[in-house]
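As written, the chain order gives the labels A, B, C, D, E and F, with residue 1 at the start of each chain.
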Amino acid sequence: MMDAYRLASEPYYLPVGDEVAQFEAAWQARLPTMLKGPTGCGKTRFIEHMAWRLGRPLVTLACNEDMTASDLVGRWLLDAGGTVWQEGPLTLAARHGAICYLDEVVEARQDTIVAIHPLTDTRRALPLEKRNEVVQAHDDFQLVISYNPGYQSMLKDLKQSTRQRFVAIDFHYPPPERETAIVMHEGHVGDDLARRLVAVAGKTRNLKGHGLEEGASTRMLVYAATLVARGIAPVQACRMAVVQPLTDDAHMQAALSDLVLTFFD
Amino acid sequence: MMDAYRLASEPYYLPVGDEVAQFEAAWQARLPTMLKGPTGCGKTRFIEHMAWRLGRPLVTLACNEDMTASDLVGRWLLDAGGTVWQEGPLTLAARHGAICYLDEVVEARQDTIVAIHPLTDTRRALPLEKRNEVVQAHDDFQLVISYNPGYQSMLKDLKQSTRQRFVAIDFHYPPPERETAIVMHEGHVGDDLARRLVAVAGKTRNLKGHGLEEGASTRMLVYAATLVARGIAPVQACRMAVVQPLTDDAHMQAALSDLVLTFFD
Amino acid sequence: MMDAYRLASEPYYLPVGDEVAQFEAAWQARLPTMLKGPTGCGKTRFIEHMAWRLGRPLVTLACNEDMTASDLVGRWLLDAGGTVWQEGPLTLAARHGAICYLDEVVEARQDTIVAIHPLTDTRRALPLEKRNEVVQAHDDFQLVISYNPGYQSMLKDLKQSTRQRFVAIDFHYPPPERETAIVMHEGHVGDDLARRLVAVAGKTRNLKGHGLEEGASTRMLVYAATLVARGIAPVQACRMAVVQPLTDDAHMQAALSDLVLTFFD
Amino acid sequence: MMDAYRLASEPYYLPVGDEVAQFEAAWQARLPTMLKGPTGCGKTRFIEHMAWRLGRPLVTLACNEDMTASDLVGRWLLDAGGTVWQEGPLTLAARHGAICYLDEVVEARQDTIVAIHPLTDTRRALPLEKRNEVVQAHDDFQLVISYNPGYQSMLKDLKQSTRQRFVAIDFHYPPPERETAIVMHEGHVGDDLARRLVAVAGKTRNLKGHGLEEGASTRMLVYAATLVARGIAPVQACRMAVVQPLTDDAHMQAALSDLVLTFFD
Amino acid sequence: MMDAYRLASEPYYLPVGDEVAQFEAAWQARLPTMLKGPTGCGKTRFIEHMAWRLGRPLVTLACNEDMTASDLVGRWLLDAGGTVWQEGPLTLAARHGAICYLDEVVEARQDTIVAIHPLTDTRRALPLEKRNEVVQAHDDFQLVISYNPGYQSMLKDLKQSTRQRFVAIDFHYPPPERETAIVMHEGHVGDDLARRLVAVAGKTRNLKGHGLEEGASTRMLVYAATLVARGIAPVQACRMAVVQPLTDDAHMQAALSDLVLTFFD
Amino acid sequence: MMDAYRLASEPYYLPVGDEVAQFEAAWQARLPTMLKGPTGCGKTRFIEHMAWRLGRPLVTLACNEDMTASDLVGRWLLDAGGTVWQEGPLTLAARHGAICYLDEVVEARQDTIVAIHPLTDTRRALPLEKRNEVVQAHDDFQLVISYNPGYQSMLKDLKQSTRQRFVAIDFHYPPPERETAIVMHEGHVGDDLARRLVAVAGKTRNLKGHGLEEGASTRMLVYAATLVARGIAPVQACRMAVVQPLTDDAHMQAALSDLVLTFFD
C-alpha cells in the first residue's frame, strides 16, 4: 500500500558532518525532528537519503497557507454508495509507519500545524474527530519538518508550543570541497568549473543581508553546471542560473555579473 | 462506544503540589476547569493521569483557528440514504460522560469557544440547533481547558465571559528534585545527567523575556536525555533538543551553547 | 414539538428589583427586550425563570461570529429524496410561539443580526427568502437578547438601528444580602462563608478599570463556595475560583490574594 | 403566487409632507427610488403603506454584509431529480411585478449591490448568468431602497455609480403634532402622555452628535407609551424604552434620566 | 441560442463625436476595447447601440468583487445524471460570437480579470481547465470593458498588464446642445426645461472635487425631466433627482438647492 | 489526448538575441525555466514558438489569486456513479509530457505556488495527496513560468525558495529594427508608419518611473498599426491604442498626445 512512497533508488547525498548519526539517534527514539537550514542546501535530499537508508516509505507534503487540518488528516468524500473516508497523508503515514516530512512547515498556518501536536505527545496518537477514531501511530512512524530560520517574518514563525516538541538538526551550505564534489556529480562537469562556481556562490553568500535576500544555493550551482554541460558559456550560465534568479535589482545584477566575470575570464 | 477514548495504562505523572486534590474537588462538583501554565510543563499529562485515575474516557481536542462550532458539536453528512448526523467530539463527551479536554483553547476563535458556554451553565445542556435537540450532559461529563497565560497576545485571549465560567488550577515547571526524577524516568538516564539538564533548564527559564520567548520545558530535557541514551554526546544533545529549538538568533544560540558547556565539560 | 425547549423545573431566581414586573409588561405587549448587564450577574437565569413562570418554551442561542443568517433562520439540507428544509431556531420559535433568547448578541456579526429586524417590526413577520415564504410570528413569540454594555469595543457594538428596536431591562450584581442568599443556596455553604465571599467580590468590583477587566461575578462566588463544600480551604478556593480566572497578571494576582487573606485568616 | 407578499390590511401611516405624491410620480415612471432618513422615522411603514395603496405585492429584504448576489438573484439547489432553480427575491419581484424593497441597503456589500444595476437601466432587464436567461422586468416592478445618511462611515457608503441610478425622497422625524398623533394611535395612550414623550424625544434629537449617536425614534416613543399602557410608570418606561437603548454611557444615562424627570414629575 | 442576448429594437443613442467610427475600426480588427468615462454618461447605451448596429448579440456582465473566474468561464453543476457543465457568459459569448461587455470592470478583483487575458492574445483562445478544453473564439467575438477613470482608488485600478491589452475610446458628458436633445427625447419634456436642467448639471460638474464626488449625470437629468412630466414641480424634481442623490452633506445640499433656484424661479 | 494543446501553425516570433539557444539548453536538461520581462514584450509568444519548434503540447495557465493548489493539481468531482477524478492542468502536463506554462506566476498566491515545488526537485514527482498517488513526471515535461520583475510590490513577489528552483531567461522590448519589423508584420502597415510608432514607444519607455507605470509595449504598437490599417488617422490611433490605455492622468495624457504629434504632423 505504501509502495508509491518508497524510493526506488538510493538518492545521492554527501554528508557534511554528523547529521546522519544525529538523525539515526532521533529516529531510534522516534523523536519528532526539525531540519533547520537555508533554501536549497540539501534538506529534502537528506530526508530522502535517510528514508532510503532506513528502508522506510517517505510521505512528503509541501506546506502552504491553504493547507487545512483536513488536508493533513483526511476528510469524507461523497461516493456512489454514500460518503467514503479519504485518508490524509499524515494519517496514512501514522497508520502505516512511514516517515512524514512536512516541507517548509512555516508556510502552513500555525493553527493547522496544531493538528500534528498529538502525534508528538508521548501517546503518539492522532484523534480523527470526523471518524470518532483515535489512530495509534505505527511503531515506525516518525514526524520530520523542515524550517528555514533566516527567512521567517514575525508573522510566520513556529510557536514555542510547536518548536519545543521537536529536536533540531542544523544544516548549512556544504564546505567548498564537499560542495565542489556535489556540483561535479550532479552537474556532470569537471573539477575546475565546479570549483569556480562554488567560489562564486561563496561571494554571493557574503552578500546576504547586504542587498541579497539569500545567497546562491547548491542547487543553483548544479543548474549552472548543467547549462554549461549543454553548451551555454559559463558566464551566461551563471547569469541564467544564479544572477537573474537571485535578484531583480539592476544594480545588484550588474555587481553580480562583474563578480562572475572575475572568476570566468 | 467510548472505549477508544479510555487510557490503556496509567500515564506516568509525578505530582508537584496539591493539584490532584484540587482537581478531584472540581471533578466532584463537575465544575468546568482550566489548567493554566507554560508550554511543556505537564498539563496534558496531568489530565491524562486524572482521567485514568477517575476511570473516565478522555476526549482531547487540539484547538486551532480553523475549528468551527460544528467541529465541536457535530454536523450533517451526506450518506447513501440521505444525510446522517456526525456527532462532534464535544457532544460525544457530553452525551456519554467523558472528560472533554480542549488543549490550547485560545487558539480557537473566541467566538467558537462560545459554543461551550451552555455546558458550563447550571443546566449543563448543549443545544444542537442543527438537530433541534437539546443534549442534557451525562452526570459524569466534565469540561477541562488548557491555557498558557504567558503566551497570549491581546488579540488572542480568553474573554471574561468565558474565563469566569471556569475554576483554575495553576501549573509551573516542577521543582528541581521532581524534575530530575521525571527526566530520569522518562529519558532513561542517570541522576547526574538529569540533574545537569535540569540546571541548564533553570538558567534558560531566567532568560524568558530577556532574549528568549520561553525557557526550556521539561519535555525538552526528556528529549535531550533520550538522545544521550542513544549515544549522542550531552553537549550535542543539548544543542539538538534545547538550544536550536529554543531560538533562531545566532547570538542567543552561542550564549546558550556556552551555558551548556559550563555544565558539561 | 417544542417540549425539548420547556423547562422541567422552576429555575432558582431571587429577584433584585422590579425586573419581573418590567419583563411581564414587555411580554404582554410582546415588545422585543434586551437584558443589559455584566457577565455572570444572572441574565440567563432570569430569562429561564421568566420562561418557566410564563409557561413558554425557551429557545436559547449562544451567539458567535460564525453564526450566519441561515443558522438563525434555516437552510436546505440534502436528504434521500432531495433537499429538505432545516428550520432554524429563530424560525422555530417564531412559528411555535417560544421565547427566543439570543445570548451575548454582540458576538454575532451585526450584519447577521439584521435578520431579526423584521420580527421586531409591527408586522412581526420573518421572510424566508430561501422558501419564498413569509412566516407570521405566533402570538406568543417574543424576542429577547442579552448584552454586556461594559464590555464591547467600538468594533463590536449594537447599531442604533438594532438597539432602537428593543426595550431594555438593566441588570447589576445583586445587593450583598441577596447575593449572600444566592451563594448559600447555590453553593451549599453557610451564612458566614457566603458573606465573606460576597465581601471579596465587592472589593474586586471596585478594581474594574483599575487593573481588572471585570470584577468577580456571582457565579464565581458560587464556584468558590462549591469548592469549600468539597473540602478545599477557603483561601485556596478563592484562588482557584476568583483570583486565577480573573487575571493573568502576576502583580494583580498577588494583590488579589492578599485581599482574600484579609477576609479569611 | 405573490399572495404571501400582499399586505392583508392597510398599514397605518400618517403623511408628514408631499412624500405620497412624490412617490406616486416616481412609481408612475417606475423610477428606482431611494428613501433617505434616520432610523425608526417610518420609512418601512411608508413603503408598506404605498404598496397597499398601489395594490402591489411588496418583497422586503433586510440587507446585510453576508448577502451575496445569489441571495438576491437566485441559485441552483439540489433536488431528487437533479438541480432546481431557487428564484431569488429580486428576480421574483422583477418577474411578477412586485415592489422590491431593499432595507438598509448600505449594509450590503457595495459589490453585491451592483447586481441591481441592470434593473435600473432603461432596459429594466436582469441577466441570470447562472441560467443563461435574461429576465425582462414586469411592467409593475419597481425597485426601492432605504438609506440612513447620518449613519454611514466612509467604508460603508453608496457609490455614485449606484446613487445616480435613484431618485430620492427625504424623510425626517414627524413634526410634534403628527408625532403625538402617531404615538397616541400606535401606543394606545392619551394626548398628554404622548405630548410629553414627543417633547423628550425632541431633546434627545438635539443631543445627536453631542454624546448620542442618534436621537430617540418615533418607534421608541411608541414602545414607551405601550409600557405605560401596561402599567409601568412613565419615568421607568422612558428608562426602559428610551434611555437604556440609546446609550451605554453612565453619565449620558444620568443626564437623560434627569431630562425625563423634568417632563414627568 | 443567443436570441435572448439580441436587442429587440434600436436603442436610442445620439453620437457625440467619432466614437461610432472608432468602435467600428476596433470591431473590424476584433481588438479588445475599453470604454472610458464618468458614471451615467452613456457608455452602456453606446455598446447596446453598437451591438444593435453591428447585428451582434450582447452579453453584459455587471462586475463585482464576488465574481470569480468560474462565474465568467463556467462550472460543473450536479444534475440527476451526474455533473453537467454550466457554461459561463464569457465562454458563451466566445463560442457563439457575441460581444461580451464587462461593465465597471474594476469592481472585479483584478485577479479574476486575468481570466480574460487569453482571449485578448493573438490566439483568441479560452482554456477551460475544468473541462480540459481550449475554446477557440468565434470570428465575431469581441471583448469590451467599461471603466470610470476618475473614480478608482489605488487599490482598485486596472493593472498595466490588463490595460495594455485594450484600445480605448474616451467618453465625456455630451456637449450642451446634444445633452439637451437627449433630455428632451428621453424625459419627454420641452426644450426650455431640458436646457435649464443641462445648465444645472454643468454647474454641478464644476463642483467635482470641490465638495462633490461626481457631477450630475445625463441620466439624472432624464430622471428630473421625467418627474416634471409626471407633475412634480421642477425645483422639487431637481431636489429628488439631482441634489439628494448627489450628496448627503447638509451644507452642500443647501448650496445645490440655491443653485437650482437660480435656474427655476 | 493532448491534441487540444498542440499549436496548429507556427506562431510568428522574431528572435531578439540568444533566447532560443538558451531555452533549448534548459529544455534539454528539463530545467524549470522562468521568463523575465515587462508586459507585452513577447514572452507568451516566445513560449508558443518554442513549444511549436520543439513539437511539444503547451498547457497555459493564467495565474490569479483565486487559483488554489487543486486548480493546478486536480480534484474529485461528483458524477453519476460517484466521485471522479478531475485531473488538473499541471498534473495533465506532467503525466503526458507537455510544457506547462504558468503566466504571470506572481498573481498566484505564493502558497499555491508551493504546489509546483516537488516537480522542480530532482525526483520530478507530483504527490496527489487526494488520490494517494505520486505522479512521476513524463520525460518530456518541462515547467516554465513568466514573471514581470519591474512590477511586483513587496507583497507580491516570488520567494527565494521558489526563485532558486528556476533558471531565468531575460526579455526586453526588441531593438528598434526588430520591433519595426514586428509591427509591420503583425499590424499590416508599411515601414514608415511602423518606424514612427516604434519611435513613440521608445519615448514612452523613457518615462517609466517618471509619471508612467510602464512604457508602451510592442503589442500596443501593433494595435495602433491595426487601427491605422482600418482607416483611423495615426494620431487618433495612437491616442486609442497608446495614450489612453497607458494612463488616466490628464496632464500625462496631454504630454503624450503632444509627443505623438511630434512624430505625426
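We adopt the following convention: a contact is a pair of C-beta atoms (placed from the backbone, for glycine too) under 8 Å apart; a residue touches a chain by one contact, two chains touch by 3 or more.
What you see is a predicted model, and the numbers here were worked out from it, not measured in a lab.
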{"item": "Neighbouring chains shared between chain D and chain E, ordered by label", "value": "none"}
{"item": "Equivalent interface positions on chain A and chain B, same or different at half", "value": "different"}
{"item": "For chain A placed onto chain E, the superposition rotation in degrees, Cα atoms, nearest 5", "value": "120"}
{"item": "Approximate Å spacing (C-alpha centroids) for the pair chain A, chain D", "value": "59"}
{"item": "CA centroid of chain C to CA centroid of chain D, Å", "value": "30"}
{"item": "Numbers and ranges of chain B residues touching at least 2 other chains", "value": "78, 81"}
{"item": "Contact graph of the chains (line, ring, star, complete, other)", "value": "ring"}
{"item": "List of chain E residues in touch with chain D within their complex", "value": "4-5, 11, 39-40, 44-45, 48, 59-66, 71, 77-81, 86-89, 92, 103-104, 107, 148, 151, 186, 213-214, 216-217, 219-220, 223, 226-227, 229-232, 236, 239-241, 244-246, 248"}
{"item": "Contacting residues of chain D [partner chain E, same complex]", "value": "18, 21-22, 25-26, 28-29, 31, 34, 36, 68-69, 76, 78, 81-83, 109, 111-112, 114-115, 117-118, 121-123, 127, 129-130, 132-134, 149-150, 152, 160-161, 163-170"}
